[in-house]
Structure formats: C-alpha cells, structure tokens
Amino acid sequence: MRGFLAIVRRDLSLAVRQGMDSVMVVMFFVLACVLFPFGVGPEPNVLARIAAGVIWVAALLAAMLSLERLFQTDYEDGSLELLTLSPLALEVVVLAKIVAHWLTTGLPLIVASPLLAVLMNLDAAGYPYMVLALALGTPSLSLIGGVGAALILGSRRGGVLLSLLVLPLYIPVLIFGVSAVDAAIGGFEAKAQFLVLGGILLAALPLCPWAGAAALRQATE
Amino acid sequence: MRGFLAIVRRDLSLAVRQGMDSVMVVMFFVLACVLFPFGVGPEPNVLARIAAGVIWVAALLAAMLSLERLFQTDYEDGSLELLTLSPLALEVVVLAKIVAHWLTTGLPLIVASPLLAVLMNLDAAGYPYMVLALALGTPSLSLIGGVGAALILGSRRGGVLLSLLVLPLYIPVLIFGVSAVDAAIGGFEAKAQFLVLGGILLAALPLCPWAGAAALRQATE
Amino acid sequence: MTIFAGEGLVCIRGERTVFAGLDFALGPGGALVLVGPNGSGKSSLLRLMAGLLRPAAGALTWGGAAVAEDPEGHNGRLHYVGHLDAVKPVLSVTENLLFWARLRGQGAAAPDRVAAALATLGIGHLADLPGRFLSAGQKRRVNLARILAAPADLWLLDEPTTALDRASIAVLEGAIAAHRAGGGRVVVSTHADIALDGAAALDLADFTLRPEQVFAGIAGTGAEAEP
Amino acid sequence: MTIFAGEGLVCIRGERTVFAGLDFALGPGGALVLVGPNGSGKSSLLRLMAGLLRPAAGALTWGGAAVAEDPEGHNGRLHYVGHLDAVKPVLSVTENLLFWARLRGQGAAAPDRVAAALATLGIGHLADLPGRFLSAGQKRRVNLARILAAPADLWLLDEPTTALDRASIAVLEGAIAAHRAGGGRVVVSTHADIALDGAAALDLADFTLRPEQVFAGIAGTGAEAEP
Amino acid sequence: MFNRFANPNRFLRLSRPLVPVMAWATVLLMAAGLYMTFFTAPADYQQGQSVRIMYVHVPSAWMGLFCYVGMAVAAAVGLIWRHSLADLVAKATAPIGAAFTFLSLVTGSLWGKPMWGTYWVWDARLTSMLVLLFLYLGYMALQNAFDDPERGFKASAILVLVGVINVPIIKFSVDWWNTLHQPASVIKAGGPSIHPSMLWPLLVMSLAFTTYYVWVLLLRVHAEIAASKIRALRMRQASA
Amino acid sequence: MDAVTDFLAMGGYAAFVWPCFAITAVVMVALLVQSLAALKSREATLRALQQAEEARPRRRRTPQAAPDSTPDTGAEVAREA
C-alpha cells in the first residue's frame, strides 16, 4: 500500500511539474466537442439530441490520446525496468499508474463536462447523470486503455495503433454512459445503466492491471 | 524535382513496408465514425442529419493522428538532419513528405468515405460532393498538420499537443467541407464552398511548406 | 548459507541463442565479474539474474528455491543498475531518490538514507537540482546512490563505471567492498577495470555457441536439419 | 584556391557559451582534427560548420563568400556524419543508400556507386539485408558508405570511428586519404586515434570560457558585469 | 511437455500431406455445395431467390466467429506454454477470420438491400459483427507493429485474450443498446425455420468453408515457418 | 434458353445474389492466391539463402557439430555445445 501511494504521488507530481497535462487533455476534450457545432450546424435541437453522445465520444478520444504516453516515458528512461523490479507486485504498479492517470485526466474531464453540456445545449435534467456516468465510466476507460498503452510499448506507431486496439473495447462504456444520460433526460430510470457501468468497472479493476502487467513484463524483456 | 520524387518514393515504400499505415488510418476513420451511432443512437434520420459533419470530424481526427509521426521517425533516427543537409531546399523536402503523407492517408480516406456515407445513412445525392470536398480538403489538412508535426518535434508530449495546435486551424476546412455536402443534399449550388476549399488549398500550398521548413530548422539545431 | 546459483542457463534473444549451458554460484560476500566481447551476453545474463528475462532452459535458484516461483521476493533482495539511469528530468535529485527508497519500504528513514547516499557519492551539493541539469556522470552517480539508499542483498551492476571519472570509480569500489563485508553479493559486468578482491571472473565468450549453432527456435532447428 | 574558414565563431547552446573566438581555415586537401574533453563543443562546432547550428557571433565563409547566404549550395558540397546512422530498418542496405545518392542527384550512376562504396567498406555481402538486421558497427559502415556514394568536397565526421573495429578504421583512414588526395577536405572529431597525415589539430578546450564567463545571454552579460 | 522450440520440421512433415487433401476436399465440397445452393435448394416463399445468399452468408458468419475463438485458444497456448507453433497458428488465423467476417458483412448487406430496403441498419447483430472485424484488424495491426516478431506474438496474444473476454460484453451491450433505441422491427428472432432441403446445402457449404480454412491456414503456417527460417539465415549472414 | 435467363435473373434478385457470390469467390480466391504466393516466394528465398550458406566456406565447423538427426528441441542443440 505504501508503495502504491508512492507511485501515485510520484506520477501526480510529474504530471504537475511536466506542465499542463490535465489542461491539455481538457482542452482537447473541449476542442473535439466544439468541432461538432461547426460540423453539424448550430441548430439547438439537433445539438441537444446528439449532445450526450458527442460528449462521451470526445471523452473517449481524450482518454485514448492521453493514455498513449502512460508508460512511454518510464519505458524510455529506464524507470519502467526498475518498477518491474520493485518488490511490489507488478499488477499493483500498473494499477497505481492508472489511478494517477485517472486523477490527472479523468477527473478534470468530469469537472469540465457540465461546461460542455451547456455548450452543446444538453437538457439540464441530464447534467447530474452525465457527471455520474462519467465518474463511473472514465475509470474503466483508463483501465482498459492502460492495457493498450502497455501493449504498444516499443512498437513502431503509437497513437493510431492504440486507438485501433482500445476504441472497440470502449464501446460498452460508451453505450451505457450515453444511455444513462438519455434515459434520465427522457424521464426513465437510469439505474440499470449505472449498474452495468459499475459492473464493467468492477470487472476491469482486477482484469486490466493483470493484463497490463503481463504486457509490461514482455515489453521489458 | 528528381530529389522531390526520390523522397516521395522513399516515404511511400516505407509506408508500404512498415505495414498497414494506410489501413490503420482508414480503420481509425471508420472506427471514429462508428462511435457516433453508438453515441447518438441508431435512428437513420438522426444519423443522416449529422452524417456529413461526423465524417468530416472523423477525417480531421484521422489526419491529425496519422500526422503525429510524419517527421518523428526521421527525427529519431537521424535522417531528418541529413534531409535538412540535402542540396534540396528544405521547403521542397517538407512538401515531398507531405505529399507522400497525403498519398498514404488522405487518398485512402477519400476512397473509404462512400462506405462511411452508407453506414451513416447519408443522402445518396451527397456522395459525389462528399468525395469531391474531401479531395479538395484533405490536402489542406495534410499541409496544415505537417506544420504542426514539425513544431512538436522533440517536445515531451506529442499527440495531445499536436491536436491543440492543429485542430483550431482545421475548422475552416471543416465548415466549408460540411457545408458543400449539405448544400448539395439540400439541392443548392455548392460552387462557392468548393471555391473556398480550393482557395484554402492554394493558400496552404506555399505557406505550409515554408512554415514547416522553418520549424524543422529549429528542431535540428 | 544461502547460495544464489544458476545451472545450465540458456539465453535466447530475438531468435538467437546468446549463450548456453552456463552455470554459476554466488555465496554471501561473493562477487562475480562478467567479461566478454560486445554482444557476448553480459547484459543478458544480468537481466536474467534479475528476472527481467526468463531463461530458455536451466534453473536459477536462491538458497535452493527456484527464483521464478517468487519473483516479488527475488525483486526485494536485489538492486539492478542498467544502461539507463531512470532520473526524471523534472524531479529534484532528492525527490528522484526518495521515490525509489519509499518504493522499497523505506518510510521515515528514507530522507536520511538518501542524504547519506548522496554524500557517499560526493553529490550532496546536487540534492535539490532538477534531473535535467545533470551531466551523464552525475546521473550515473544518482543511479548508484539509489542502490545505497535502500539495502538489498544482491547487486546486479551492468557496466556501472560508464561515464564515471576515476575518483567516482574508487568510491564505487569502496561501496561494493562495504556491501560485501556486510554479507552482500554483487555481479558486475565491465569492459573497464574495476578492482574487486577475490572476485570470480566469468567469461561469457566461453558459453557462446559456435556460429552454426547460434540460431535457435523454429528457424534454427530447421536450418540445422537441412542436409 | 577556395578556403573554408571560420572567424571569431561563438557557439551558445542552452544559454551556455560553449566556445568563443574560434578561428579556423581549411584549404583543399586539408584536414582538421577536433579534440577536447566531453562537452567542450566538438559536436557543436561540426554542426555549426554544417549549417545545422548558427554561430551566435563570427562568420563562416567558403572561398570568401558567407556560407549563410547560400545554405543549399553549402549543403551540396558537404557530407555530415553524426551520432545517428539514419539507416531505415525496413529498407535494404542498398535501398537506404540509393535514396541518399539519388537525393544528391546521382541518377543512373547511383547503383554502381553504391555497390562500389559497399565493397570499399567490406559490407558488399550485406547489400540486400534489411537495416534492422545490422549490428551497430555495420550500421556505422553503411553510414560511411553513404558519403562515398555521392561526391562532396567537405566531409564533417563526428566521431566516425564509434563502433568500428580496427580493420574498418583503417579502411576509413584510407578513404579519407583518397578523398584528400582528390582535393577534398575533412574535419573529424575524435576521442580515439585516427591517423591523418598532416592534419591540423584544434583543441576545443582552448576556446572554452572560464567558468565565470560561461553564462551567456542575460545571465552571461550579468556575470560579466560583476566586478 | 510443451516446449518453445516445438519442432517445425516434424510439423511440416506431418502437415504437408494434409495440404492436397484439404485442397481437394474444398474443391469437391464447394462444387457440391454450390450445386445444391442453386439447383436443389428451394426459393423461400417470402424472400424468393435472394435466400440463396444465405448459403454463403451464414457459413462465413460462423467461420468469422469460429476463427476468433480459435485464434484466442492458439494465442493462449502460445502465451502460457510458450509454444511457438501456436503463435504461428494464431497469426495465420487472423487474416482468414477477418476475411470471413468481412464476407459476412458484405453478403449480409447485399441481402439487406432487397429485404430491408437498405444496405445497413444499426442492428445489434450487424453491429457486433462490425466490431468483431475491428478486433481482428487491431490484432493484425499490433502483430505487425514490432521489429521483433517475438514481441508481436506476445503482445497480440495478450490483446486477443483481452478481446475474447470483451466479446460477450460487447455483444450484450450492443443488444441492449439496440433494443433500447429501436425495438426489433427488421429481423424477427429465430429467422426462417430451416427445412432439410435448405439445411443440407448450408451444412455442405459450411463444411467447404471449414476445409478451405484449414487449407489456407496450413499454407500460411508453412509460409510463416519459412519466413522465420529466412530471418534466422539473414541474421546469421549479418553476424558473419 | 429461358431457363438460363430465368436462372440468371434470380427472381429479380440478380443484382444482389450474383455480386454476393462473386465477391465471396474473389475474396476467398484472393486470400488463397496470396497465401500460396507468399509461401512460394518465401520458400524460394529460403532455398537461395540456404544454397548461399552451403557455398560459403565454413571456418570453425566440425563434422560432429551438425546434428545428423533432427533434434526435438533447440535446448538439446544448446546442450550439445
């Protein structure tokens, strides 16, 4: 546990010092959303209809883009080898790095999402559900993406490749995240959707660090 | 001219040998589009309404992602220094690399776009305009993105930073690209939009290689 | 007396057999110096001992128990120094070292131990400097301070003298001697000279296969089987 | 006789003055060997000569004309060999070299010249091998073959002997001698020994500023202004 | 004991004779299947002659699913027992499975046009098949992204195992998603009840597709073995 | 003749049925041909390389170093060293 916290704390201070990781992710999130009013036209009702979907897709893309370097710098400067050789189980190391990643990117996304909801004209009834759905969904995105980030270490092309591996696996989170918001706006119960989102998170929590650790072991061979 | 062709030919054979560059870009393009039905729901009329915008946004993102490594590998293995030291004007080198990039990514996107139009239920009247607009717009995307790719060389975080530099510059292309298609579907003249897209391309053609060359000189200092 | 030993080790990298049939044994206070030409497998053997690589055949044991059974336990008793120094450019030297010390369970004692390690290696004055201002030699000394800041039985050092000047090499030799006097063991690969009393030398060239035997795996056996 | 010369060159990197007031002159057939401790600015001077870096002060001239006026022309008459070998892993050795030769206007003659260059460096048998199969020394030889495959007056070689064995160093020395005999000129930085008849040596340490003068820019002038 | 040096020469010896067997089996079964498809199978009373598409559509959909499972099993064997032949089988299966999945999508949409009036609807089954195609392509892209083929095998094996856990989740969520937005209106659950006169051609075609798979798989595995021998010889040449 | 045109018309679905079978045939044949071609070209390369290998002078090769029977595992090859 102490080792876990040490890694989280280090990654957080690296993110703070290296400057603006979180700011950049949020900016990408906003930019990607803002492209849509330009793309589909500014009619409020059309935007409102697609708002939840667009915000979720932008969150997916932002998570994916920022994940590309999750292990990359540690891999390049030799830290990853030493982390692999720490007395901590490698699964714990992976989990700690993913937690730190979520704190620096997932959390800011959640905080920024109401702003985007306003921009995209989302029905006000959806705001709290949007935030809640993102709060349940983004950790799964970080977990699943962490496996992808570990797999592409040392490969020839990072960004595009990662997206191909990770985006198909993000689809369930997207579906239930959007439908939770839509249900709330439509006046239905959204409990089932939240249960599924929670279930996905609970399943990813042990599985992804395990797969990520396996990927890291073969990357440092 | 001979040097120009030599660079284009080399980059094309690198893309072919390194495996599936084009395939990966097209896949990302398709995947990014496919996320939207999941996000906004499968109703054909809603999809048709936003189809042109979504396809264009996906094309923007695909171009941006693939551009990240335009100069990166050459920078890392020392080729970029030697290209800078070639007797060719550096602007020509940059243009050649951008042309090769467009041939390996822009062209496949154009070819794949009718397929996406089917998936997204775009009005059949829009197909030829979609293709034509992409044919005029994607070269501008490659040119503008090439400058961004040169600027981020040696920076700590590639992907996200590039998107922040490049996406805002892409917005004019997006607006006119989409409105050309929408106009055609609505039964209006789309000539003005195509003229603007052509104008952007004509402006980018001399400006971007020049700016990209300046950025490369910086990076190899 | 717990012995760290390898028996019949075979190492295959990138479809190529680097060495085969390698044995070694290392008791407390022992030292092993790995020598051999470029590409003979010194780094590979160290990575194998660290558990970063898995032997294609053969067994690595600690006090008779297979190392592969308990990788985290093995990690806990070793320090590895590779080619890369793992110094984060945006963290200060002390912050860099504190992290690694805390990761190995050094809680409250960590700051003192780190300061002492820095002093030993003569870079106490750099303690608050961010990593990006360090020269190659200074980075290497920070990396060596890391292994002093948390105790571990086995030191695996891959060309630790790279980028060090003579004075620092002497400090390193002293640190190794002290480590061994306390019952620690050390394996060092080196091209340069490093003075270790009573160290056994292992020449990797002795375990390299003849060229025609070199290629293992599918390819190798296939090629071998051709008339 | 065209002279390649530098006068009063000052190089500033990362807000630090690496060297200042450096002069040199190099006529046809001439050779200059750069020596000096790590970080004294050998690589920086070579990059400056190549035009990759711009001098903070001073002038670089070719036959009296400022090099900065016609960078492409200067590029056309020089070959630079840096620390990286620019060998693409997915292209064969020949394809790698053909590209660089064609880029320098070698059209139909390129294949022959490339084959000859490979033969000179003793790696003719590797011609069809993809770059990823090459060892460090072999890559370096491919990089050297590149400068043989297209003629250029001025060779700028940054530690060209890295990773080369004795025999290859001798080949390189022969190639440099032949180049100079044909009126070419060469600047070499080296830690190892490389035998060049009648080469002038330039010790970069002579042009390094005293520590109190080192900091340039705002900081530098400030420090200078201290009594 | 499984061993990472699983001898390829023995495998080659054992499997080479199988190649012509599979080739002939494929040709004969395909001929029989096509004959039955066009001459013995009846037209559907609702769908008319277009039902003949079923005899390529359904086998390719089955094979697309089957290949993914096969690939996952092979990858697991390669990863856990370090059996290099299993790695090669997984690698060789991917393009074949992707081709079948692609065919089921194409034939399905060609069938969809006359039946539903559109080439594509975001139906649950269609959508999950599309995602499956992406999983295949991602696997192939990762496999090819490394200079060291060994790394490609291991990384893509982990990916395919993660993917195989996700396939049911994706399937479930896509079902949910579609029923939520749009009640099943286009295709009824169950489909047409299958009469023996339609079942037999379907089974023969499926068998033909299976033997085709084995045939091409063997060819591709043999090619992979040759490729790794070439790499070894090249490396030997380089270090000489 | 009518039978043939009728057959080709596929009850009005010709525009869907025939492309469907054509695409299936094209994809399957293309995959097969590509696999065969890859196998052929690699085997040719392999043979050429092996011949080059045979032709090269063998410096340190001792007769017993080359195993005459196919070893079951590479590890055995390794242990012979």
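Letters A, B, C, D, E and F name the chains as they come in the text, with residue numbers starting at 1 for each one.
Just so it is clear, a contact is a pair of C-beta atoms (placed from the backbone, for glycine too) under 8 Å apart; a residue touches a chain by one contact, two chains touch by 3 or more.
Small disclaimer: the values here were computed from a predicted structure and weren't measured.
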Proportion of interface numbers common to chain A and chain B (over half same, under half different): same
Centroid-based (C-alpha) most distant chain relative to chain E: D
Taking each chain's C-alpha mean as its centre, the one farthest from chain B: C
Top chain pair, ranked by how many C-beta pairs fall in contact: A-B
Whole-Å gap separating chain B and chain D, where each centre is the average of the chain's CA atoms: 37
Centroid distance [mean C-alpha coordinates] between chain B and chain A, Å: 25
Between chain F and chain A, distance of the C-alpha-averaged centres to the nearest whole Å: 42
Shared-contact residues (touching 2 or more other chains) in chain F: 50, 53, 70-71, 73-75
Interface hub residues of chain D, defined as touching at least two other chains: 135
Overlap residues in chain A, where contacts from two or more other chains coincide: 18, 156-157, 161, 164, 167-168, 171, 175, 221
Residues of chain B touching chain E in the complex: 19-20, 23-24, 27, 30-31, 34, 37-38, 41-44, 47, 118-119, 121
Chain E - residues contacting chain D, complex: 147, 234-235, 237-240
Touching residues on chain A, where the partner in the complex is chain C: 2-3, 6-7, 10, 13-14, 17-18, 77-79, 81-89, 220-221
Touch list for chain F against partner chain E, complex: 7, 10-13, 16-17, 19-21, 23-24, 27-28, 31-32, 35-36, 38-39, 42-43, 45-46, 49-50, 52-53, 56, 70-75
Complex contact set, residues of chain A against chain B: 18, 21, 24-25, 27-28, 31-32, 35-36, 38-41, 46, 49-50, 52-54, 56-57, 60-61, 65-66, 68-69, 73, 156-161, 163-164, 167-168, 171, 174-175, 178, 182
